[in-house]
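Two complexes follow with chain A in common, the first pairing it with chain B and the second with chain C.
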Partner chain A sequence: MKVSVRKQPPWLQALLILPGVAALVVTFVFPLLWLARTSLEPTTGHTLSLHAYVRLFEDSFYWWVIGRTIVIGLLCVVITVPMAFPVALFLARSQSRWRGTLTALAIAPLLTSTVIRTYGWMVILGRHGLINTTLLWAHILAQPTRLDNGPFATVVALVEILLPYGIISILSHLSRLDAELEQAASLLGASRLQVFWRILLPLSVPGLMTASLLVFVLAISSLVTPQLMGGGRVFVLATEIFNQTTIALDWSFAGALSITLLGFFGIFVALYQRIIQRVESQS
Partner chain B sequence: MKHDRTVRIAWHLLIGLIYLFLLAPLIIVLIVSFDTRPYLSFPPASFSLMSYARVLHNPLFLQAGKTSLVIGGCSAGLSLVVGTSAAFALVRGHFPGRQNLQWFFLSPMLMPHIVLAVGLMMTLQPLGLLDTLTGLILAHISITLPYTTRIVSSGIAQLDQTLEEAARIHGASPWQSFRRVILPALRPHLITGFLIAFLFSFDEAVIALFIAGHRAVTLPLAIYQYIQFRTDPQVASLSVLVVLLSLVPIIIIERLINLRRAVGG
Partner chain C sequence: MLIAPHFTTRRKVLGGLATLPAWRHAWAANGNLELSVAGFHGPFQKAFQAIVINSFERAMPGVRVTYRPTINSAQLLAALRLEREAPQIDVAIADVSVAILAKQEGLTSILREEEIPSLRDIPGWGRFDAMNGVAFSRDNLSLIYDSRVLTRPPESWHDLGRPDLTDQIALPVEDTRGVVLLPILTRMAGEDYRQNIEPGLALMRQFAPYVATWNAQPDIYTLTLAQTIALGVGWNGRGQMLARDNPDTLRAVVPSEGSVAQINTLNLTAPPQRTRLAQAFIEHALSPEVQTAFAKVAFYGPVNRQVVLSAETSEAIFGRPETARREMHLDWGFVSQHYNSWIRRIQREVISG
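Then we have the complex of A and B:
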């Protein structure tokens, strides 16, 4: 006898899904539409205007800020992804009984506060911090230097904060790969290095790409770290958005900056999808 | 082979160094939290629990802790109920546009928090919800709903259908089979969904920075405001306490369905 337990009547389906849809419309869709609408707010009159965008793109300072944002994002990618790759490889292929614990240890920081981890970097890089104390003690430095604010500190802290995201996206790709190919290659006499260059690395490309995209988009939209570690000298889109909303109180302009950031987001996601399609059609 | 061993040691050393880098800020904060000097420096001059005592007597931090727990609990609870309900329709329903709706429910995950924060600020302001608990709870529902929906969905997809069929054949009503069979089987996923949502709300700072900060202050916000001007060990002790508080849900999640799967790897 077969009893259908799968079938839900239409009214029940609607009842089940509606609260969720309503919640997302109120807390997600509407705020984004309202943001777009605010960015088009006119200075005078009632018709919508693009003046906030005109001001943004006519001002060379904002071009510089956009460039700066992208450079910091790319720097984070080229440092984070090569660091995440070995850890992901290790976790994917390890036979150790500590593997589960080590995996959790690599991911758990993702669920601890960014503010706290940034604070940790302020302690490490600060005037009386770990690095300065060590360098003074070793007589490499005669006086403490300021490492804790500026682009360098921002990138270091961001790399650490984004590392778990890199590890997790490469790891989930690697665990779908077959280890047999590597075993076959080493049985046939390939050295470890050859196995890595000829087999592991090419097969990992899609995972490395996903990690790069994730790290990049998270880096260009991060606010807390550049704000706390930039020392007022790191100008990125996110800090500008924050300043415009809280200090300058120009919401229309803040809206335009946010939509611009979202635009770059969209461009990079689209680029990623085109490249990944090409990579996958080749293999 | 000797060469092989050297390579192995170098490899493990590299992995160890990356782990050290990853955990360095948390380790350093832990060490500094035992210091007693009023300014921040490393290594600590002495070891004591004085700054922990100070934190527990600081009304500002205690209030922020309460606020964070309330917001985390409420937004995770609401997000779990709404997300579980939606997950049943998204996994088991048959209606046009189901796949698109699945995407829709995950879409807030892809949205940069800062953009969402500005939009939420502009929406909550005319409603008078800026700097209120309600505003923060609403805001945190948008970022946690994708996670609760996805975690519970994967639980529903793994359910053993024969159990339900057996219950129905033996005369259980749909409601009974839901209460007695489906809900108990989903328990690990429901708990994980709640805890992940709680953690995301508990650690969230960007949205809170835009929509709160004077009357409604969450823990990450309190720490942020504090370290902008001072960096004494008190804030390190507070940070350690916050991390310890996050560690409990993290360990439960790891035990229940494994951390990696819970955050989507």
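Then we have the complex of A and C:
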């Protein structure tokens, strides 16, 4: 049966998207413009100025902070995505009647607040935490070692917190892949390893890229985990924005840092788009 | 448990308002007035409500005071900025550094002795040109320690560099605590913080290898109670309050070299129609009776010269008499100018250095 789809008149289309656009303007565009305006506020006088940006880019400390932010984000990607991939693959290919339950369990941590989960890591990695206690009990350590309050603890907690996002992103892509392609490769004599390397992994690249982008963006904008797990030693853009807002009370500089962070989001989204386009054109 | 004082009578408060005939007239005619006070949340709020607000409301039937807690001074400053055209807060309790910034931005009004007679009893360090507000209380930086680990109380700021406490020391110095500790350490090295803070920074750097955290989360008191850290720096008022409730675990002590107090200020931010009532409230909060009760219950140092504390309360707040004599009053006008640059130097040269 042929189904004819009647095209809606343009005015109706515009009317239908109006509420969504209006909500976006009020909740996203206006605050963003206000943030940009704040970042240009002068220290003296009334003329808008770029002094906050000049200060930001002239100061090597903030370049170091930007570098640390990107390194922590990339570390989280490098650890999280390979961990998420096998879980997502198992869930995507599972024929078990428990598949739905297992999928729900994989993303269940998202139901708990990031703060609670981070505190959980403080308990595990703390001086009297599970790991130190176990190592002392096994006589591997003579005295507790510092596992918390630093970059290591921050990355460990971030990876655990971001893992469900990685799983969801990859799972949604793998679920759309036709499993018969892998079966066909096997029938044609490919080993399981060859099927993985030659068929499955290349087809999974868009899903892996989406997961990488999501994990990276969430990692570099994360505040709570670096604050709680970093022990004051982890300087990233988000913690600097927080400090400038609440301690230094320099909203103009905090605005400049926020816009810079947003700029990094833009750069990485643009990079992601280009890579995805290239992958799609090759396939 | 907080005990509200019963000494502040309506007669005393109204007596203090004798210079406010216009306001008294409005109050008598209206009978119902509301005042909004914004300030720190947590134990400070609890004590302020019980000691200051409740006694004011009892003395002034028909007046209702609402306390608006703020998470930190930044939130308070944000509220004052946003409500600049139509102020909703009548009295703002803020750190001295925020009080100075608020004056620069024209968010607070000047206080005068004609309207608030108790101002005459406030010393110069609690009332100065850089701010419009007035000191309400002072809170010393002290050493917070776990008495289960340190059976002998720490005596000196040098204890923050004890090798036997490696990874058990919390030094949250990326905020006012650092800005206050720096002049103390500088003075210990025989220098004046207004001339040169290098010796203070050098001493802080010596502590660095032993520090577990520079950003005690959720706070140093909780970490001490949970046995996560054994020693650190914190505010004495809250430390003493918690020590009273947990005498076998947490203690707070002012080291023998003396300390520096952070000043909590009262700032007039009321619109004209509520200015007189807000002034009356500030007068009440500065009265010796209220100041004494607040010091006794919350362990915040009084600012009114007429206050005489018991020896026990005085020792809890200022340390032993010889220690109390070494209390240093900062030039907050000077410190506020260097606040951000000092924190930047602590971040770069001590923490990540």
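Keep in mind that, in the parts below, the second predicted complex is superposed on the first by the 256 of 283 C-alpha atoms of A that agree within 3 Å, B and C clash if a C-alpha of one lies under 4 Å from a C-alpha of the other, contacts with A are read in each partner's own complex, and residues count from 1 in each chain.
In this section, a residue touches a chain if its C-beta (ideal position, glycine included) is under 8 Å from a C-beta of that chain, and two chains touch if they have at least 3 such contacts.
Only a predicted model underlies this, so the values are computations on that prediction, with no experimental measurement involved.
Contact with both chain B and chain C is seen for A:Leu228 once the two complexes are overlaid on the shared chain. In the superposed pair of complexes, A:Thr245 makes contact with chain B and with chain C alike. Within the superposed three-chain model, A:Phe61 lies in touch with chain C and out of touch with chain B [touch as defined at top].
In the overlay built on the shared chain, the residue A:Asn149 is in contact with chain C alone; chain B does not reach it. Contact with neither chain B nor chain C is seen for A:Ser49 once the two complexes are overlaid on the shared chain.
Considering which of chain B and chain C touches more of chain A, the answer is B. Applying the stated contact rule after C-alpha superposition, one finds that A:Thr133 touches chain B and leaves chain C untouched.
When the shared chain is aligned, chain B comes close enough to touch A:Leu35, but chain C does not.
Residue overlap on chain A between the chain B contacts of one complex and the chain C contacts of the other covers 122, 126, 128, 228, 245-246.
Within the complex, the chain C residues that touch chain A are 72-75, 77, 98, 101, 167-168, 172, 174-175, 212-215, 217, 227-228, 339-340, 343-344, 347-348, 351-352. Residue ranges of chain A in contact with chain C, taken from their complex: 61, 122, 126-128, 144, 146, 149, 227-228, 230-233, 235, 243, 245-250. Chain A meets chain B in the complex at residues 1-3, 5-8, 10, 12-13, 16-17, 19-21, 23-24, 26-28, 30-32, 34-35, 38, 83, 86-87, 90, 100, 102-124, 126, 128-130, 133, 157, 160, 163-164, 168-169, 171-172, 192, 217, 220-224, 228, 238, 241-242, 245-246, 251, 254-255, 258-259, 261-262, 265, 269.
Across the complex, chain A is touched by residues 7, 11, 14-15, 18-19, 21-26, 28-29, 32, 39-43, 78-79, 81-83, 85-86, 88-90, 92-95, 101, 104-105, 107-108, 110-116, 118-123, 138-139, 141-142, 145, 149, 161, 164-165, 168-169, 174, 177, 196, 199-200, 202-203, 205-206, 209-210, 219-220, 223-224, 227-228, 231, 235-236, 239, 242-243, 246-247, 249-250, 254, 258-260, 263-265 of chain B.
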